[in-house]
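Once you've had a glance at the structure underneath, I'll fire off some questions.
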């Protein structure tokens, strides 16, 4: 709880700093604040978790871990933000504030224990992002991203709310515990409204995690938004959304599996294929990552399809792995784009000659995204597959495997470009903060890949 | 007041749901058939309102105020969304001199 | 000095060291040093190995307790020959690349791959096995794609995706089996002790089989192989053909057939048939190859096909034959690709129609070449004979027709290899070949070692056979040969 | 009884007008009317406070904002972009399908037990206040963050800064 | 002495190793002495061993010993030991191989003097002797197979000895491949034998076999496969075409490998496993038929050949056919007897031809020879003896051996005898034709050839003389009873063929018939010799130059009945086309097409799938709604 307060206050403080033109203090202050809130979370690590504020939020282990991960990823992103935002405009403080607000929303989504909190958390997260996506005011891409994200987000919110309402109408409460109770108490006589409510919740949440057929915003928004914001969207927001998704479904709807698992199954398969196949034919690295993020969402959905004790750990691991790799991938794009000015694969040509270390980290992240052993990405896939196979969805895994094989193609295109395609290019500037972040992320990827116990033991 | 209340008695719950669903669908239709971003936003507002009404109906039905309280949050959201949305629209308008959502299709494929 | 873990990690250390060596010359020497030391480290295992004692030198650490994954390695009669082979060939491969000027990173990749291979050959835990399986794949991809010939990017991405897809199927099977195990772990033994229903065994069989078949490669899954072999740098080709494809065969023996005996009983005949088809098919294709390297690539498919068939027949003779033939094939294929390198490097072509009469200018090489060829066509008192004899007599016990068609290899092999030998070494010299530079020392070393081994193993193969005898007999008793 | 159906009819009618009139200004005005009818519904549901808030927030704030922006960008019938009829029809059909499916899945056409106000005074301010500031305190507080975010964002996007991209 | 047996193969092996390693340092004379010395040594040892065996036979024992050297390899119940079997049969073969081998080594010292590959040549020869001895001595089919393939390798090496010449090289390849076809038969036969008898040791197989019923199916299969192997090695139809081409090798090689020893391996092997054959009459008939056909075909071809070595080559094929005929009619001793005599006189003839070619400075076409009698007296004299011997004119060796075979053939069926006789007629005709064309008439060569003519050195003539003596008297090894001989060979080899004999019953033909047959063949031979004399001396006819008009039969014979061309059209071409078809169509287009197709398919589908991402928000929203409707429909379905 302290974390949420800290974060909100931190955001406001940042706004004030901006007001007093204390630019240089922004980064350290917000980093300190973030780490502080992370610490606050870790403080009640071993506390027996009970719902706070008349059952509004519940900081159990699950919530703690996910929140901490989100916060730490945000730390990495903010580290990258040095001399990134002020290329856009002077209002760096606002950007920071919005990011932190959004993070607050994310934390709420991971820890909600009441539909109201879920709803508000999601909205805080999204509203901040609607804005952040559009901060390049003169850039059409940015504008378009903002507008598309906003319109579709608002639209999906409508369905989410409708769903919540129906659930409320059926169960007569917004409190997860009571809803769960309602489900357990009358296994047969559950009102149809409840089922429709579940379906509409699926719509709303699937939209947030960018699962087909509600994924259409993802590529365009990721593509149009400023890269750093894209990183935030594709890592923190996605992770939080999945946390919320999982929390709701594993806690409340778990007894009704037979009803919604088929739906999720279909959604998962479509998501995998749409994401991968479309990513195959992209020329822009950024857009490829956008599509691949869809397919990764597909993989993470495995955790929900095979809902069970292991899901949370699996999704956590996968989300972490994916986030770390994505930070490197998009971050490197920032650097490369500065010299080449384009998002295409070609701008990576011959990178290995000029910046071997950078190329190596990118390679690691690509291998992790592709799911090669000894990287975090592999372990993530492995555990998710294990979970699904435990439920005997062999076909699903076979399809997933086909997709994994496809994915190799577009991830290796980057490696091919960096190592095998010769190109006359100047050295890409590799600022120290980027080095720190990348090396940290790469090491974590390998560490988790070699010894995943680090993460899985947390939940 | 009582008169009104009495006149309320006996409207089947389903009809409330039906009604708000219709409004909601109208909102959806609006979103689908208009190209003016503002109108689309308004249609979305329509959807939200139908939800509000439904919540109110439910809370009245089950005699639990939580539903009505929830409506406040939705309203807050609506306000926030409108503010942000209109800001975005204005920003876009500055660049494109149009509110037509179809003019914004540079990002594709 | 018989700590298996050290043996496995030693090449990795070498790789890490070499990764920082920029110049070519010291990198070569270091790499050679490391690989030779690694070979030295394997000797104690051979000496202390007890064929009767089953699994030995075991080491086991908990890896991912949550999933019951252990890091579990050990050596038995099946793995030891392949471990020996790996550590024997890597020094030769390193030597073979001395003509080129590669930086340390190249050798780092080679040694890194060595670790992966050793891991595969010693793993007793499915997860460990899979990890080794992929870890071996990454370096070879980079070796082939970085130092390869023309069109290397397309060819290698195809190779990578193809094999990766196969191994993912295997991953499914592994995980599925893991889910089935009562103890919920990945241990080989608990896989062996599973009793799955027939239907399950059947699809698991294919999941594993396709993975291994692609790696070997067996007949319909082979199309990546000629291109990859041809475009890869010599060392890469040697790694692929000499050691890597043994991963597939080893997998059949260790992870496929004992795990799903019923699936094997149901489809073994088909798998063996694929092998036999491969023998004839690839040999016939090899007839008309102009490119020397490509010809050897196809011949490798043929030889591997026979080994595969022998494995699937699954009796003592055929398995023993397969075991020793894996080593033989490794040795002679290294020799052949060395020759390809020697010749194409000097004539800067691999088109055999432009060669001829080299025996005149390089008589010594002619002799090595001949010995290697004779080994490849399985002439008695060369190693090839022992292997092919045992395999064929084993296959015969299943079906005379398999044996007859498989036996065609000794005719067809003679046809295309002698055709190649004649086109390259015999006939009149032409202006290209007349200025054929004499062998360099490292080339001579490789060729001498290879041809020496061919004769030695051919004359006295028993020690090698003794290593695997016990393990093979036990396996056959466990599973029982392929029923007619 | 009848009142509800009458008002419901009105709201539906005006809602339709909202989305089908070509002139944006008109549709805003129709929307205003629609919302007004909603207020009536709230009253009928005995949610007086809600009715008031709805009246103030929507009609007072949101609608004015819409209208304001419309005027600002001075949109009118001429500039109004319209989709092709095909799209319109498809959209309508889709919407109706949505309606139909929901009706079907909720089998709304069956009669259900009538809505009886159990405790008529939940809509009163003090009741709502009690719930809002006790049970729903946290969301209430948090929603302030939401509004703050919106405010900051609106300002950020709204003001035109000299700096180029 | 028996336990010295390991020396016999070891000596040539040592010779091979030493010469092979030192071929560039050692001087030619040293190499020559070393090379022939080791073989001589081997010969002496074998002589001693033969002595023991002979003594044993005289003492009435079987005289067969098995000496095990070491266990080669084993897997499960397959145990392969490197062990030797010495019995009368192998003892004689030892003598022939080492003896004639030595003579030919000796001869080669002179013959190869000028060749820069001198050392290589001798090392190869020694290697060959080593493998041949393994083949002969092997006490199981695997060791025999080692020798079997080893000699194949050596013949490959020696045929391709002058590999600079493309056609020579391909001749070598052809020989190796055709042998390999046979070898596959041998392998499969070995597997069958192992499956049937559970061992590959002769000592284990034959006793078991003797107890089996005649005409056993498995035996039939085994023997057929073995026979295929024999046809490969011993150049019978259909695999005989490699032998004439094999004349590309140096003449001593032709003499040693392609006349005296290697090509008779097939006969040796069948004689070894005689019991198996006796028990499958069908195979026996096939063997006889193939044998006689080969004899006739080859003889018919030999009649019109102009290359002196080709003539001898085809005559070899024909004689081998004779031996198979002998085997086929159960005259194992006779066949083996013919092996011996043939070894003598055919080696002699080849070496003689060699010395002629040597004198003619590598001219092999008889059309440019003639009247060499006065220039090469020794060669002429010895070759004359050889010719008479092979023509089967008494009392020289050929007569006796050939006659024994014919006698058995007659006993089998007169038709075979007639055919055999015809083959004999051809033989004597073309042999005398060769003799006359070469040594009589006037010299038809070029001027410088004429100046260069000279008798060969002693190292070459000495072997000729020895061989001449042998082929003159060799026949008395086994004089038929009809001529009052004790038929020594018969008695000596009796234990080897005992089982077969006990099955077929002892061979008997009353003496009168035998006299008639002998007379017939002898007279016929003389007549043909006279015809040849008439044609080539009296009329002085000379074969026409290339491309001249000839009669149909002549042309057929001259072009070897187009067998090579037929094979090319029936086997080689189709295989090559098949290869191209597999490569281009099946591999590249079909299989790889599927593989790449999958990839391309996904790529293509991506091209279309991406169009969904039209960039138009309205469309996105629409799709969302569609999705939602789908979900809700699922809901409706559910209830």
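Chains: A, B, C, D and E, in written order; residue numbering restarts at 1 for each.
Please note the rule applied: a residue touches a chain if its C-beta (ideal position, glycine included) is under 8 Å from a C-beta of that chain, and two chains touch if they have at least 3 such contacts.
What you see is a predicted model, and the numbers here were worked out from it, not measured in a lab.
Among the other chains, the CA centroid farthest from that of subunit D is the one of E.
Chain pair with the highest count of contacting C-beta pairs: B-D.
Centroid to centroid, with C-alpha atoms defining each point, subunit A and subunit C lie 43 Å apart. With centres set at the average Cα position, the gap from subunit A to subunit D is 31 Å. With each centre defined as the average position of its C-alpha atoms, the distance from subunit B to subunit C rounds to 67 Å. Distance from the subunit A centre to the subunit B centre is 28 Å, each centre being the mean of its Cα atoms. Multi-chain contact residues, meaning those touching two or more other chains, occur in subunit E at positions 599, 610, 613, 615, 617-618, 621-622, 625-626, 628, 632, 635, 638-639. For subunit B, residues touching at least two other chains, in rising order: 17, 27-28, 31-32, 35, 41, 61-62, 64, 66, 73, 77, 80-81, 84, 87-89, 91, 94, 101-102, 104-108. Among all residues of subunit C, those that touch two or more other chains are 161. By the document's touch criterion, interfaces exist between A-B, A-C, A-D, A-E, B-D, B-E, C-E, D-E.
Remark: subunit B residues 4-5, 7-19, 21-23, 25-30, 32-36, 38-39, 41-43, 45-46, 49, 52-53, 56-57, 59-66, 68-69, 71-73, 75-84, 86-91, 93-94, 98-100, 102 touch subunit D in the complex. Taken in their complex, subunit A has these residues touching subunit C: 313, 367, 372-374, 378-379, 382-383, 385-386, 389-390, 394, 397-398, 401-402, 404-406, 408-409, 412, 416, 419-421, 451-453, 456-457.
Those residues of subunit E lying in contact with subunit C across their complex are 71-78, 142, 145-146, 149-150, 153, 156, 160, 163-166, 169-170, 172-173, 176-177, 180-181, 183-184, 187-188, 190-192, 194-195, 575-576, 578-580, 582-583, 586-587, 591-592, 595-596, 599. Only residues 4, 8, 11-12, 15, 52-54, 56-57, 88-91, 94, 97-98, 101-102, 104-105, 108, 114, 116-117, 120-121, 123-124, 127-128, 130-131, 134-139, 146, 166, 192-193, 195-196, 199 of subunit A touch subunit D when the two sit together in their complex. Those residues of subunit D whose C-beta lies close enough to touch subunit A in the complex are 102, 105-107, 134-139, 142-143, 145-146, 148-150, 152-153, 155-157, 160-161, 163-165.
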